[in-house]
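Following are the structures in question.
Note that subunit A is present in both complexes that follow, paired respectively with subunit B and with subunit C.
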Partner chain A sequence: MNSSGIHVSGSLRKRLAVTLIGGVTILTVLLFFVIRNYATQIAQQSQDSILRASVTSILDAATIRNGDVVLDIPYAAFSMLSTTTDDRIFYAIYQDDTVISGYENLDIPEASARAESRFRTITFMQVPVRQVTASRVLVGADLQTHVTATIAQTQDSLSGTLNRISRNAAIFGAGFFSLAVLLSAWVTSTTIGPLTRLADSVARRGPQDLSPVSKPVPSEMVPLVSSLNLLMARLDRSFKQSEDFIAEAAHRVRTPIATVRSHAEMTLQRVDKEENRQALRSMIRAIDETSRAAGQLLDHAMITFRANQLEFHDVDLVQIAQEIVLRLTPITEMKDVELRLDVDPSVKVSGDPILIQNVVRNLIDNALKYSPSESVIEIEVRGTPTPRLEVRDQGPGFLYDEIDTLTDRFTRGRNATGVIGSGLGLTIARDVAAAHGGKLTIGNNLAGGACVTFIF
Partner chain B sequence: MRYFYILICCLWLSVTSAEEWEEQKLFKGSSATQTLRLLSSTDTSVFAPVIEKFLLENPTLNIHYFVTSSATVYQRFRTSPDQFDVVISSAMDLQLKLVNDGFANQVEDLLHPDWAQWRQSLFGFTLEPASIVVNKAAFATLPKPQSRQQMIEILRTNPADFQGKIGTYDVRQSGLGYLFATQDARASESYWRLMEIMGSLDTRLYCCSGDMIEDLASGSIIIAYNVLGSYAMARADLADKIEVLHPSEFPNTMMRTALIAQETRLPQQAELFLRYLTSSRWSEPGQTETPLPSLRTASENTRRSIISLEPGLMIFLDRLKRRLFIREWESAVIQ
Partner chain C sequence: MKFLLIEDNKELANAITTRLLLDGHVVDHAMSKTDGLAFAETGEYDLILLDIMLPDGDGREFLGHHRAGHKDTPIIVLTARSQVSDRISVLDLGADDYVTKPFDHAELQARCRAVLRRRAGSSQNIIKLADVEFNPVAGHLSLGGSTIALRNRELRLLELLINSPGHIFSKQKLFDRLFSIDDDVSENAIEVYIGRLRKHLEHSRLTITTLRGLGYRLDEQ
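This part shows the complex of A and B:
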């Protein structure tokens, strides 16, 4: 199993290459032996035919004169057997079964087996020789006799020729092999090519692109591509359903809560009894808390859903910060807290505007919640070295031992008791930062108060 | 009594062994430890300068040089192949047969022209043409034959001058004579006509070149056919009495060949000697010169007339073929 959790069983490319090259190797070896075998036959045949010609010319010279076999062997009979390696020649002339000339211990095959062993390889004088035998009937006045001639020749020249042919065949085979290997490499890569291209085109797709693969593919890949297309269609449908569900849920939850709140406020206007008013105020605070929690839950769900398929646009951090500050002004005035913006003229980042807006509002909201009256919240937006937005308040700050765990879901600081919160705000901010390839750092100012930095 | 028999035996052995060799001589190296045994058909006087030069280069060797006729060289070596290290002979056919029958060692990396070696075992090292040698004084008034055809005509027109005064090899005894005769017979029909005329003029037959040249010089014969010119040239003392003529139409040129015995006890030293023979070092001018013409000095023209080292040479050694040839030769020459 590799890192991305996919079971890998071998490689198509390797399998293809191994099969092709293995096949080529077997073919090459086969070719070598076939050529060698063929060459052996040819070379042997040519030696045999010269030996036969020599034997024939010797037999032709045999005559009967005065009742004796006379044999005037022509010079060419041996001359024609000259080879480059000067092979040795042995011969014998038999009259019936008696040697009348030549090497007396050079045997001839039995008369009965002579037809099939006219050519044979034997060992004579401790060396392997090729022997050819032929005979002829001589008829004289009162004599009929068999004359048999046999010639044997060593095979130095033959083996020299064979070695040369083998060497050439080996060179040829090596050439054939390397050519075939190159061809196999090419075939492998062209075969695997469409697969690689398909994988590339799927990987390069935008987050929202779940359209079917439309480029032409080889017929063998049609089942894969069609099921991929089916899967993507299902995914597309399922994503759309999720989006619908989230929008629906947000709508369904927020609207009743807003209605309950307005009813509670209206009731508060109408009741005069102090303890009832007190109860109603608690109720409104609880409703606010619920509304906020619901909002953040939806935000969190939205981020989890969107983080994998962010839609990047050019976003101006400064503009977002300014809009939020402007929107929060009534609340800050009520709480007597000053929002102090310290920004560069324009800090452009590439990101999802809704998510970024959400995070910035969350961060400022948080600061506002923990800020005492008559304090200042500083919001700083810088374009260099990397775009970042920092929110600093003069509240109690974070407890140092909690900093690492605060961004976990539903975790709230110990000093946050009494303040409305869901424990999701920093989680959302961290997830959004991560989804944009950035990070969220949490700390305290030297002079006290929390400091949260959203770095892209 | 026993000692007497042993003595008799020893005497008999020494006498017979002395008788079996035409010549034998031990050439001593200045610091010799081993003795290389050479079996050869070349006269000691002709070959001595070659051996002496070799011993100067290789003083750790002795060379025991045995000389006999080329046919005997073949027989002696076949019967006792372990008695000699290097075999040198003028009878190319017999030498080739020895190699064919596995009596010789191969010398793998000896570079030698292909036409002058067989199986990397038999190496030619001289080029010696067969020639007609005449007695200068007797031919003062006669035309000198430049070809066999001319020789036939001269013999025909002057039978009285040549009666009993022609010499040639007895091919039944001389291996070289047989080689020259068979090659002549192969080359031209005029050989047989010449033999018939020579036979009719009562030709004298010799076993060896030496005797023939002696008789030529003395005037007991006046023309010799198929003699080795190199032997005639070797006799500087006879230079003013005899003249060597080379037949122009189909000269036969023989290569003196050497081989290393398969059963040699000194393979390295034998190879050393063979390498020396196939080089041109022995023929370079020095204090003592051999009359043997080195193969290294061969011109393209002489190359064409060389009897080639090929298995065909063995044909005339065939028992039936030899019997036929000798019978024909006898009927022509002896009559």
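This part shows the complex of A and C:
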């Protein structure tokens, strides 16, 4: 696409894919952390509740006997804390601010809030532990004291669980990610699809097909397509206008030209002086050139117009060739040129009969113009290998270095000097051949003379 | 031959008429479709030349009316449009042929000749002079029981000479009749065709005499 000088700025497909996949990535990472976080919280809560139960059962066992605090730690208080990974447990029991049992260096948090139980995560003996602390007021006969129990547990089991959950979350995230990538690839291609199809259907058109795009398109593309259609309609209109103009102009010009020509020809009959006769001849040639140019311009406009709305019919090339030969016979007889038709029984092609007719007539006309007196023009129509119509004459032929440029508009060969023509005949033929998916080849016969082939 | 020319452009009609008169034909001229139909109904014509754009209607309507009246006078249409479809519809409506304006008079003549040859049998219009029978429509020359087919230019040359025996035709006049303006040949090319005709007429009582500086003349011995 950028080969035709269009300035390309990014690609919609890439942009869409990058946006979608980027979004999915962020979402996946976010999801992973949310799950992990949530799992951490749940796991922490369950450890906390066991720790609290443990602390509570220790405190429950504390009594005052004979003015002393007696505490018999129940077996269950520690057994309930057992884990598969043998997490270590540290405990300390304080009476007021003095350790009465357990690890002396296991601090308790500031008992400012004096809430029922206080949780914190600290590092104790170089390992991270979860510590829970609870207090109870013991009231004896003459004693009132604060008993505080604190238990800390390492978190090996917890982090094991968390790792497991993280791994599962990662696997889940990866699955989600790849599914989402597939999904966004699909979304991208279905979104871009109509655009690609539109581009295809516009690109597949013939060079002069200006009909509006009629295929259904998504609503977002309606502005694009409607302005495309508008543009094409405008182009179409200007085509038709110029065609009408040329037709009208040709019509207006031809009748007076015919008058001038007839008069000039008549005068030529009456004039004897050689220089006057030469002048009249040049005049008539100029008139012919004018009218032929007008005619060819009209033909060209008509062909542009018809190629615009090509209607394909079954056309018999042989029949067309025969009709045109019949039609041209009076003129060829006048020049003592023989038209020789060599045809297959029937050569059917699919095409626009009027365009094909026009081309065939042009080719034979051309051959006739360059044919010397008492020569033969051979017209061959063959159905195999591909349908083709070939016109060979015995005129001067083409100059080899010019062959490639002869189908350009208004280009005439150097050999054409002295022969009336507009330089449009071969252009028209080439355009029509192209409109039918065929081509026009130009060359010379071995024995001399031009050879033009219209191949379908 | 008798022509009916239906053409609304006076100038062009004059030019065509004069040219046809020069060739020794008779021409009636109608300016409109209505006039044309009236002429065609009352007169007998060998050929009708019909312009397609007429002030009171399309030449195609004339074709329709004319053919509906079971007239089979050959018609050649003069059209200013070169659109192929236009030409085709004209032929479909019963015209015998058409020429596109502006036309070469030689082409018009050639087309008239072709139409007449297709339409009429070849029995009429036989010209007899001395021991020679000439059928200009079929292009045959008969003498002493044998028939010679003439090439087109030979035929036109002979037609000219045989219609006015004893008349002197300049080289130029003959050249104008035989070659179209587009033909890039010198006036001396006439000598070739005179030579050929002389050969064809070798055993007849007709001779073509060269008058130095003046032209050619057909003489009966």
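The criterion applied here is as follows: the second predicted complex is superposed on the first by the 302 of 456 C-alpha atoms of A that agree within 3 Å, B and C clash if a C-alpha of one lies under 4 Å from a C-alpha of the other, contacts with A are read in each partner's own complex, and residues count from 1 in each chain.
By our rule, contacts are C-beta pairs under 8 Å (C-beta built on N, C-alpha and C of every residue); 3 or more make two chains touch, one makes a residue touch a chain.
All figures in this text were calculated on a predicted structure; none of them were measured in a lab.
*Asks:* Which partner does A:Val318 reach: the first (subunit B), the second (subunit C), both, or neither?
*Replies:* The answer is neither, since A:Val318 touches no partner chain.
*Asks:* First (subunit B), second (subunit C), both or neither: which does A:Gly102 touch?
*Replies:* first
*Asks:* Of subunit B and subunit C, which one contacts the greater number of residues in subunit A?
*Replies:* More residues of subunit A are touched by C.
*Asks:* Would you sort A:Ala169 into first (subunit B), second (subunit C), both or neither based on which partner it touches?
*Replies:* After superposing on A, A:Ala169 lies clear of both subunit B and subunit C.
*Asks:* Taking the superposition as given, does A:Leu268 touch the first partner, subunit B, the second, subunit C, both, or neither?
*Replies:* second
*Asks:* Looking at the overlay, what does A:Cys451 touch: subunit B (first), subunit C (second), both, or neither?
*Replies:* neither
*Asks:* Should A:Met334 be classified as contacting the first partner (subunit B), the second (subunit C), both, or neither?
*Replies:* So A:Met334 only meets subunit C here.
*Asks:* Is A:Leu198 in contact with subunit B, with subunit C, with both, or with neither (first, second, both, neither)?
*Replies:* Once the two structures are laid over each other on A, A:Leu198 reaches no partner at all.
*Asks:* Name the contact category of A:Asp299: first (subunit B only), second (subunit C only), both, or neither.
*Replies:* second
*Asks:* Does the superposition put A:Met125 against subunit B (first), subunit C (second), both, or neither?
*Replies:* Touch status of A:Met125: first partner only.
*Asks:* Quick one: in the complex, what on subunit A touches subunit B?
*Replies:* 69-79, 81-82, 85-86, 88-90, 93, 100-102, 125-127
*Asks:* Please output the residues of subunit A touching subunit C within their complex, sorted ascending.
*Replies:* 247, 250-251, 254-263, 265-266, 268-269, 272, 277, 281, 284-285, 287-288, 291, 294-295, 298-299, 302, 327, 329-331, 333-336, 354, 357-358, 361, 369, 373-374, 418-420
*Asks:* With touch defined as at the start, can you tell me which subunit C residues reach subunit A in the complex?
*Replies:* 9, 11-12, 15-16, 18-19, 22, 53, 78, 80-85, 88, 97, 100-107, 110-111, 113-114, 151-153, 170, 172-173, 176, 180-185
*Asks:* Name, in rising order, each residue of subunit B that touches subunit A in their complex.
*Replies:* Going by the criterion above, the answer is residues 99-102, 118-120, 186, 310-315, 318-321, 324.
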